[in-house]
Amino acid sequence: MANSKYEYVKGFEQPDALLPNTWVVVRVDGRGFHKLSDHYAFQKPNDRRALDLMNKAAVEVMKDLPDLVLAYGVSDEYSFVFHPTCELFERRSAKIVTTVVSTFTAHYIYHWNTFFTETPLKPPFLPSFDGRAVTYPSTRNLRDYMSWRQVDCHINNLYNTTFWAMVLKGGMSNTDAEQELKGTVSSDKNEILFRRFGINYNNELEIYKKGSVVYRQYELETKEGKEAASSDLEPVSKTQQEKMRKLRKKAQVVVDHVDIIKDDFWDRRPWIVSNKPGKLPVSQDIS
Amino acid sequence: MANSKYEYVKGFEQPDALLPNTWVVVRVDGRGFHKLSDHYAFQKPNDRRALDLMNKAAVEVMKDLPDLVLAYGVSDEYSFVFHPTCELFERRSAKIVTTVVSTFTAHYIYHWNTFFTETPLKPPFLPSFDGRAVTYPSTRNLRDYMSWRQVDCHINNLYNTTFWAMVLKGGMSNTDAEQELKGTVSSDKNEILFRRFGINYNNELEIYKKGSVVYRQYELETKEGKEAASSDLEPVSKTQQEKMRKLRKKAQVVVDHVDIIKDDFWDRRPWIVSNKPGKLPVSQDIS
Amino acid sequence: MANSKYEYVKGFEQPDALLPNTWVVVRVDGRGFHKLSDHYAFQKPNDRRALDLMNKAAVEVMKDLPDLVLAYGVSDEYSFVFHPTCELFERRSAKIVTTVVSTFTAHYIYHWNTFFTETPLKPPFLPSFDGRAVTYPSTRNLRDYMSWRQVDCHINNLYNTTFWAMVLKGGMSNTDAEQELKGTVSSDKNEILFRRFGINYNNELEIYKKGSVVYRQYELETKEGKEAASSDLEPVSKTQQEKMRKLRKKAQVVVDHVDIIKDDFWDRRPWIVSNKPGKLPVSQDIS
Amino acid sequence: MANSKYEYVKGFEQPDALLPNTWVVVRVDGRGFHKLSDHYAFQKPNDRRALDLMNKAAVEVMKDLPDLVLAYGVSDEYSFVFHPTCELFERRSAKIVTTVVSTFTAHYIYHWNTFFTETPLKPPFLPSFDGRAVTYPSTRNLRDYMSWRQVDCHINNLYNTTFWAMVLKGGMSNTDAEQELKGTVSSDKNEILFRRFGINYNNELEIYKKGSVVYRQYELETKEGKEAASSDLEPVSKTQQEKMRKLRKKAQVVVDHVDIIKDDFWDRRPWIVSNKPGKLPVSQDIS
């Protein structure tokens, strides 16, 4: 029984390769996490278990896909970054984005019990995620994307920290707190936190203020005499690429809560922009 | 701290709405399931637990997304069908496909233990799936797509059934079996099965021969006097659409193992092509 | 001197094939024709020479591209229609649209002097056109597109006829005429035309009221006993396609000014929707 | 008569904006110029009139679209380059490419008689062009694209010069000449030209060997102390953009036949990569 009569339907699949030599960012977002976080009683303003679970899933995605050079997570979203030279799945957009989303989901569901020891998952309330792929032509554009997410993290966290202090500690209703915060700037919120609740926002945990940065760890470069890394690599042979892939797999994937807006982060970790594996640290604990 | 300086990066997201008035098929495929099925010792040629788990995940996806009108699964792949009138997520391709893939993955991981009671999942060998969305302009094209998958199911299952009989019952090496089957047609394989192993292929389970068809159940139409349903609907108001969505949510989602190539399946279930909910059966057991 | 070092740049070209089995409409629009029509002193509200030149260019495009089944023009725009079975340039969008636009432009420039005998072209004021390709999945969608353009033609022509009567015959300023017409409906404009200027809009030329329909001429079908043509053709062999292409080239391309909203036009010319060449009229004058 | 019933068809137009911050190259190609050049008896291996006409059309396109920073032509093709910061038509691909193609065609047809004084155009043999838009993320990629075209120019011109010398001066048949040239390298062809026909390829006209480079002329920079221009501009206000547009319109558009592979061309004309208008030369002849 030949299948040739129907095979013409394959002709309706449309190619979706992402433009070569561009940074590819896959952003994964929780679906309906507002409702879900109520259902599983996430703590406010931040639930450490939920963030640790997000980070765990992200680390596993990074390990599974050595082509990834960087990831950044905040709240129920995670951005995964592929290098301009990446040729994974011939850069087919749907294949790349679904692979990241599915791997992330699998680990999130699987590891839920490790972090939420007292509140097991119960269908139909299973967490799931959507995602999209966006390309950025220059390293400047990529860094501005990362800065955008980290500034957003700061803005939202300051707001949420203040809002929930007013509600949970100050006994205000949600509506009243929202009303009072309308139109306030950062200094106003810092003031409210400090005056009314004795909270110095600077002392909040870095994971809440900065979000989570995930990357492969090599020996940090000193800043001096370091020229900026370039993503415009000489073309490398398939063999060399495979070799570099293996080197990348050996590196430890770490989670950091640091500033990624200023140059320092990037200058000291030139392997992120150059995609050339650095020197493995002398002693490395495999996570 | 305003975020406006970096917000320009949002301008790099490119719209990806699927062409209106076309059938949308999202096909989900297991990633590396060859290796995975070895790792968890799936039975050959078919592992009933694995298929039941696929079907369970598919049913949950259908329940979660009432816009879906049909799904068809075979082996480690599942095709989900949205109607031409579907406006879910403004038809954004990445959003649609990642939502289906993530929801499917979540349920597959969550329900694994129910079906594989003796072989728990063990990272890093977590199942994951990729996916793609394809649009089909006419109902003929959609039905040909479905036929293509079901013919493929038949071809592969006949081959696998014969191959594994030769290996597991006939004691042949994989290579020898492969060699002997090269160039054979269906009747040859039926012959090998019957003569050497006393297997009548027709008596194999329908789930293996036909795959699994998932849809919402209403009262079947009798064939007589039934004009073919058309997908070219009159535009309906938002209110009506919402009403129909709710009606669809009430219908039971069933798993069937039947022929979807011939007209009969479609004639008796006109609600699939028309997207107008039918009459609920008198007694309906909620699955 | 090998060119291989640079050839990688070809990899940046992205495929743009239009979805198979859909109607393809290429709409060509005059660039800056408002200014241009002032410069060459086009007559108001309609310049017959300009319309005839548009029609001439459209007929030549139809002759040059036998894959075209229909065209519709109004003012400085023209819509060209390719059949769902069309495989021209493997349906590559940019190739199709630029070919239509360039061929149209070439004939428009070349034939200018034939129609504008007293006002030769003078650079840099050369007419040019932009264009876009849109796909429509069903014949209903295509016909609604054509109806949309023809209704637009009617609305604009009634407005312009009234406006210019008020200005040119009534001596009103542009602003005053515009002001008075604001918020009026069709019957108001008919009334103004008739009462003030003795113009019965129904007696205006069909080319102004209906626009121009261009197609290949075969013997008209009688309406009786005619089932509606379907665009969902059986696949035909390359040889047959080539034969039909040649048949289409033999047919005369005609310009008509008729209603294309009602069924009659389509019922009597079933070859447009079916793409099967009809019977050549007994006597045919080659235009 | 409202048009709202049909207006839904506008929803089928799909957005096609090109990725921001990328170089946009629109390449225009003659349609069926092999046949056309026979028909109008173009001289071999190069017809100066045809090239001058191509260049004339290209210069007019550059003048009409001040967003263009560079163009390169060879034979019957022309590549037009928009800067990464270009926002023309909101970067809509079809709009950009059809505008370039149509403007080019209009001038090519209009100016034909100026260059081909003895062989007027005769329908249906009107020249026309197709086109496509390709985006390049980095200046390296753009320069490699330009190098690719210029190397191609050299390879083809050396081949054609040799081939037509063998045929026209050597009295060989086309087939024999083709046969003999199969597998030859550059030095072989130089040798044939010199030994048999006394032609020193180096003395051929630059327009044939290098093709034609079109750009706006400002005072050339000296090479010393010049840092490489960057395309990664600070965002500029709308007002500034409009001002720069006007400055660009003032510059003379020149046609050059020079090497664009090496750095020198780019170093001395930094305004091409930077898109910042340079200093107008003291005396400027308007072309």
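Each chain gets a letter, A, B, C and D, in the order it is written, and its residues are counted from 1.
Just so we're on the same page, contacts are C-beta pairs under 8 Å (C-beta built on N, C-alpha and C of every residue); 3 or more make two chains touch, one makes a residue touch a chain.
The structure presented is a predicted model; accordingly, all values stated were derived computationally and were not measured.
When the partners of chain C are compared with those of chain D, the chains appearing in both lists are A, B.
Here chain B and chain D face each other with the same set of residues for the most part; over half of the interface numbers are shared between them. Ranked by separation of Cα centres from chain B, the top chain is D. For this pair, chain B with chain C, the centres built from the Cα atoms lie 43 Å apart. The mean-CA centres of chain A and chain C are about 51 angstrom from one another, to the nearest whole unit. Work out the mean CA point of chain A and of chain B, and you get 31 Å between them.
Shown for chain D are the residues that touch two or more other chains, namely 8, 12, 14, 19-21, 135-136, 141. Considering their complex, residues 1, 3, 5-10, 12-14, 31, 60, 63-64, 93-95, 97-99, 101-103, 105-110, 121, 123-124, 126-136, 141, 144-145, 147-148, 151-152, 154-155, 186 of chain C touch chain D.
Partner chain B is touched in their complex by these residues of chain C: 19-22, 84, 135, 137-138, 140-141, 232. Residues of chain C touching chain A in their complex: 8, 11-12, 14-15, 17, 19-21, 235.
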